[in-house]
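Have a look at the structure below before the remarks.
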Amino acid sequence: MSIWEYANPVKFLRVSERVTPWFAWGAGLCLIVGLVWGFFFTPDDFRQGSTVKIIYIHVPSAFLAINAWIMMLVASLIWLVRRHHVSALAAKAAAPVGLVMTLIALFTGAIWGQPMWGTWWVWDPRLTSFLILFLFYIGYMALWAAIEDPDTAADLTSVLCMVGSVFALLSRYAVLFWNQGLHQGASLSLDEEKNVADVFYQPLLFSIAGFVLLFLALVLYRTGTEIRLRRTRALIAREVQHA
Amino acid sequence: MLSVTDLAVARGGVPVLSGVTFAVERGQALVLRGPNGSGKTTLLRCVAGLQPAISGDISGVEDQIAYAGHSDGLKSMLNVRENLEFWADVFGFKGGIDAALDAFDLVPLADRYAGQLSAGQKRRLGLARLMVTGRSIWILDEPTVSLDTASVQLFAAAVGQHLKAGGAAVLATHIALGLDGARDFDVTPYRARLDVRVGSSDEAFL
Amino acid sequence: MKALLLRDLRLAFRAGGGFGLALAFFLIVVVLVPFSVGPQSDLLGQIAAGVLWLGALLACLLSLDRVLALDWEDGTLDVLATSPLPLEAALSVKALAHWLTTGLPLVLAAPILGVLLNLPSPAFGPLTLSLLLGTPALSVIGTFGAALTVGLKRGGLLLSMLVLPLYVPSLIFGAEAARRGAEGVATDTPLLFLAGITAGVVALMPFASAAALRINLR
Amino acid sequence: MPDLGKYADTVLSAYAVTIALMLGIVVLSLIKGRRVRAQLQSVEERTKHGD
Amino acid sequence: MKALLLRDLRLAFRAGGGFGLALAFFLIVVVLVPFSVGPQSDLLGQIAAGVLWLGALLACLLSLDRVLALDWEDGTLDVLATSPLPLEAALSVKALAHWLTTGLPLVLAAPILGVLLNLPSPAFGPLTLSLLLGTPALSVIGTFGAALTVGLKRGGLLLSMLVLPLYVPSLIFGAEAARRGAEGVATDTPLLFLAGITAGVVALMPFASAAALRINLR
Amino acid sequence: MLSVTDLAVARGGVPVLSGVTFAVERGQALVLRGPNGSGKTTLLRCVAGLQPAISGDISGVEDQIAYAGHSDGLKSMLNVRENLEFWADVFGFKGGIDAALDAFDLVPLADRYAGQLSAGQKRRLGLARLMVTGRSIWILDEPTVSLDTASVQLFAAAVGQHLKAGGAAVLATHIALGLDGARDFDVTPYRARLDVRVGSSDEAFL
C-alpha cells in the first residue's frame, strides 16, 4: 500500500487518532527534560548571564516557525497536484500553530534583545524577515477565513502559499541588502568553534525535539478537527440538498 | 453539434444533478425545465465551461459557446452601442452590431448609458450581445427575466433566426417561449440521488 | 486585447471611472505627513523619499479593487472566460491599463510632491527612475491579489493585506535607491534589483493570476 | 530555583510568554476539536443514510 | 437599533466579515515605514507618533466602504429607509458598529506597534489616549463619507479622498498630543480639542449623513 | 387606504409618467402593466417614498409601506432564518417568522446561508420578508422574477391572504398572476408627453 492511502480522510482519522497521543506524550517528555535541564541545571553564559536560558525556547520556536511554513508549502503543492483533501486541510491546520511559533520567537527575541542590545526591537535583517513571515501567516489565514467554499479556499490559499514563498525569499535578500544586523549567525552549524558550548547545546536539542513533537501532535489533531468540520458540512449540505 | 453524456454536476461541493445526457443538433434548441433549485443554472455554467463537471463529458463546445447568465456583462458607464462594440471586438466578430440593435429594438436607446436603462431594457441589451459574438451555441440562463411580452417575442424571433442560421441554443426558463425547433428537457429526474457516488469533492468525507 | 485595453482606459476616464483619484489620494497622504510627524523641514527632508514611495504604493493599492471587481459583479469576467482571449493575456492587459491610469501618473507627480517635502535635490532623478521601474510590478502583483479576492464582497481590505507583503521587495529596493540618491551614493545596484523584480513579475505573475481567477470563476 | 541574577524578570517573562502562548494554542485546539466532534456526532445521528 | 447593531457585529465576525483586517493593515503599514525611510532607530523614534496616527487613520479609512456599500448593493438600505427606524439612528448605530470592530482594536494595538518604531516611552500614554478620543470621530465622519458615495460602484478611492480632508483636524490634534507626550510636555490642550471635535461630530454628523443617504436613495 | 392623485414622476431628471391617479382600498391589489421602460419601477419607488414625486400627491402611506424591489435586501452570510429575524426586529414585528418560512416553503432551507440559495430560492426569501414587516401596503416590483410556477402560486396565495387580512398591494409584473381582487392598471397612457410641463429638474433648462 502506498503512503497516499492515508490521504483518505477516514483512514487518516483512524491512524491519527492512534498516533497523536504518542507524539503528545513524547513532546511533553522532551520539553520537560529539555527545559528543566536547561533552566535549572545549566550555568549562566559569561557574556549573556542567565538570559542565555532563553535560547531553549527562542531557537526551537524560531526554527519551527520557519519550517511550519515550509511544511505548509509542501502540503499545498501536494493538494494542487494530487487533490488530496487531507493535505490541504493539514496546511490549514498548521498555519495557526506556525503563527504562534512565530509570535513566541518574536516575543522571546524581543525580551532577549532588551538586555542584550538595549532595545526591544531593532530592524535587524533576521528579525525583519521574521516579521514579514508573520505577515504572510496572517495573510494566509485571512484568505482561508474569507472564502466559504472549502475547495476554492484550498486552491486559492495554495496558490497564495506558493507565490508568497517566492516573495518571502525575495524579501529575505532585500532585507539583507537593506540593513546589516546584530543578530547571531547560525550557531547550530557543524563547525565546532563558532558553535554554542555543549552545556547549552544538549538541553537545546531536547527542547527542539520537544517543540517539533508538539508541533506534529498539534497539526495532526487540528487536521482531524478540520476533517470532521468538513464532513459535518458535507453531511448538512447533502441533507439540505435532498430535503 | 453539442452533446452531453452522463454528466454529473455539483454546486458548493454538493452533487446536484447526475446522469444528465442530451444532444443538441444544428437548428435545435433545448429548454431546461425544473423547479427552483433543481440545478439548471449549475448545469448551464458547467456546459459553458465556467465550472468543471465532476464526471461525464461534454463535446463540441470548444470556442462555440456564448453564455448569458443572471447578470449581463454590461458597463453602466458605456452606452448601448459601445457595450456591443466591445464584445464584438473581443469575440473578433465584424459588423452585425446594427443588426443586433435592431433585433432587440434598441436603436432608439443606442446612445443611452447602460446604467440608465430600465431592468427590461438592460436585459434586452444583454441578449443583443449574443448576436455579436458570432458563436454558434447560445447558453441562456433565464433570458426572459423582466422582459415584457413584446420583448419576449423579439427574443424568440432572435433565437429562431439563430437556429435557422444553423446555430443551437440551450436555455433555462420558467415561462413558455413558443419557439419552434425547441425541445423541453426536464432536469428533475436527474437530481443526484443519495446513493449515487459521483465523486464530488464532498464524497471523500461521506 | 486592444479592445480590452481601450475599453478599460475609456472606462477609467469616464465619470466615476476614478482616473486621478489615486493621484489625489497620493497628494492628500503626502500633505497629511507634515501634519502627523510635525513641520520640521530637515526631518521631512530625511523621510521624504520614503514617504513618497510609500504614498505611491498605497495610492496604487487603493485603486486595485477596481481592476477586476467591477467586471466580476456585472458578469463581464464570465463572458471573458468563454471568449477567445486567453485569461493570461486579458489579465496582463488589465494590469497594463491599471498602470497607465494609476502608476504612470503617480510617477509623474512624485517629483512635484517631492518639493512639498523638500526632498534633497540630488534625489529627484533616482526617485522618479525607481518609481518608473517599480510601479509596473505593483500593478501586476496587485492584479494577482485582485484575482485572488475577486469573489469576495468588498474584498478591498483583504486585498491590501495580501498584496502589501508582496510589495516589500520592490519597496525596499525602490526606497533604498531614492535614499542613496539623496545621499549622492551610486544607485545602480538597487535599481538593477528593482528592474529585475519587475521583469520577473511581469513575465510570470499573469499565469498565477489567471490560475487564481479560473478557480474563482468556477 | 536557580539564581537568575539581574536578568531574572527577563528570563522569567520570556518563559511566561512562551508558556502562555503554547497553552493558548493547545487549549484552543482542544476546545474546537471537542466542539466539532460533538457537532459531527449530532449530525451523524440526524442523517442515518448508508455512508 | 439593537437588532441592527447586533447584526452588523455578527456580520463583521462571520467569515469574510473582515474583522481584524484593519488591524492587520495597520500592522503592515507600520512595518513598511522602516523599509521606506530606513532602519535608523532614532529617526524612526522621531516620526513614530505621527506614523502610528496616520496608519490608524488609513486603516480606518480602508474599512469604511464596508459600512454602507454592502447594504446598498443588496437593497437593505432601501428597506431600512421604509422601516420605522429613523435613518439618523440607523447611521449612528452603523458608525458605532464600525468603531467597535475597527477603531477600538486599532487603539489597543497602537502601543504594541509603538515598540516596533521605538516610540519614546513617555509617549505611550498620550498616544493611546489620543487615539481613544479620536477614532470615534473617524468612524462617524467616515460614515458620512460612505453615505455620500454609496451609490457609486467601487467608490472606495473617492470615499478616501472626500474623507481624508475631514480627518485633518482630528489628525493634527491627535498627533500633536502624542508628540508632546514624547517630549514630555503637557498634552491636555490638544486632547481637549480632540475630545471637543469628537463630541461635536458624534452629535451632529449623523444628520448630515442621513441627509446625504436620502439623496442617494432617490 | 392608498390614493395617488395626478402624480408625475421623473427618472434621472427625465419626466417618465405624469397625471397618474389611482386609489387602492383594503383587500385590493393593483397590478401595474406596461412595456419595458414605461416607468413602473419609477412609479413604485416614488409611491414607496424612496424618491420624491415632481408633482401630485400620495396619501395614506405613512409607515404603511413594505417595499420589495429588484434586489432583495438579503445578507448572504446570514442564514435564511437570521435574515427574517433581523427584518422582523427592525420593523418591530413579533413572531410570524415561521408562518413566513412556511408560506414560501423555506422551512427546509431555514439554516442555509442566503448566499447559497438558487436565484428562485433567494427571491422567495425576499418575498417572505414582506410577511414579517407587519406593514399593510405591499409595493412589489416584478416579484415573480425567476420563480417557477409552483412558487408563483405560493406568492399569489400569500398576497391573497394578505389582502383578506385587510392589506393592500401595488405590484408591477409582466406575467399573469391569477390574483382575485386584483385590478390591472396600464401605465402607458400616462407616459409623460414632451409638451407637459411637470417641473422636473431639467425643466429649468428647456
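Order of writing sets the chain letters: A, B, C, D, E and F. Residues in each chain are counted from 1.
The working rule: a contact is a pair of C-beta atoms (placed from the backbone, for glycine too) under 8 Å apart; a residue touches a chain by one contact, two chains touch by 3 or more.
These figures come from a predicted structure and were not determined experimentally.
Identification of common neighbours of subunit D and subunit E yields A.
Counting the residue numbers that touch the partner chain, subunit C and subunit E have more than half of them in common.
By C-beta pair count, the most extensively touching chains are C-E.
Once the centre of each chain is set as its mean CA position, subunit A and subunit B turn out to be 48 Å apart. Taking each chain's centre as the mean of its C-alpha atoms, subunit D lies 52 Å from subunit F. For this pair, subunit C with subunit E, the centres built from the Cα atoms lie 24 Å apart.
Each chain gets one centre point, the mean of its Cα atoms, and the points for subunit A and subunit E are 34 Å apart. With touch defined as above, subunit D holds no residue shared between interfaces to two or more other chains. Within subunit C, contacts with two or more other chains are made by residues 16, 70, 73, 152-153, 158, 161, 164-165, 168, 172, 218. In subunit A, the residues that touch at least two other chains are 132, 135, 138-139, 142, 146-148, 178, 231, 235-236, 238. Residues of subunit B that touch subunit C in their complex: 48-52, 63, 65-67, 69-78, 82, 86-87, 89-92, 129, 133. Of all the residues in subunit B, the ones that touch subunit F in their complex are 12, 34-37, 41, 70, 116-121, 123-124, 142, 145-151, 174-175.
Against subunit B, the residues of subunit A that register as touching in their complex are 8-9, 85, 149-151, 227, 230-231, 233-235, 237-238, 241-242. Residues 16, 18, 21-22, 24-25, 28-29, 32-33, 35-38, 43, 46-47, 49-51, 53-54, 57-58, 62-63, 65-66, 69-70, 73, 152-154, 156-158, 160-161, 164-165, 167-168, 171-172, 175, 179 of subunit E are the ones that touch subunit C when the two sit in their complex.
Contact residues of subunit A toward subunit E in the complex are 110, 119-123, 128, 131-132, 135, 138-139, 142, 145-148, 178-179.
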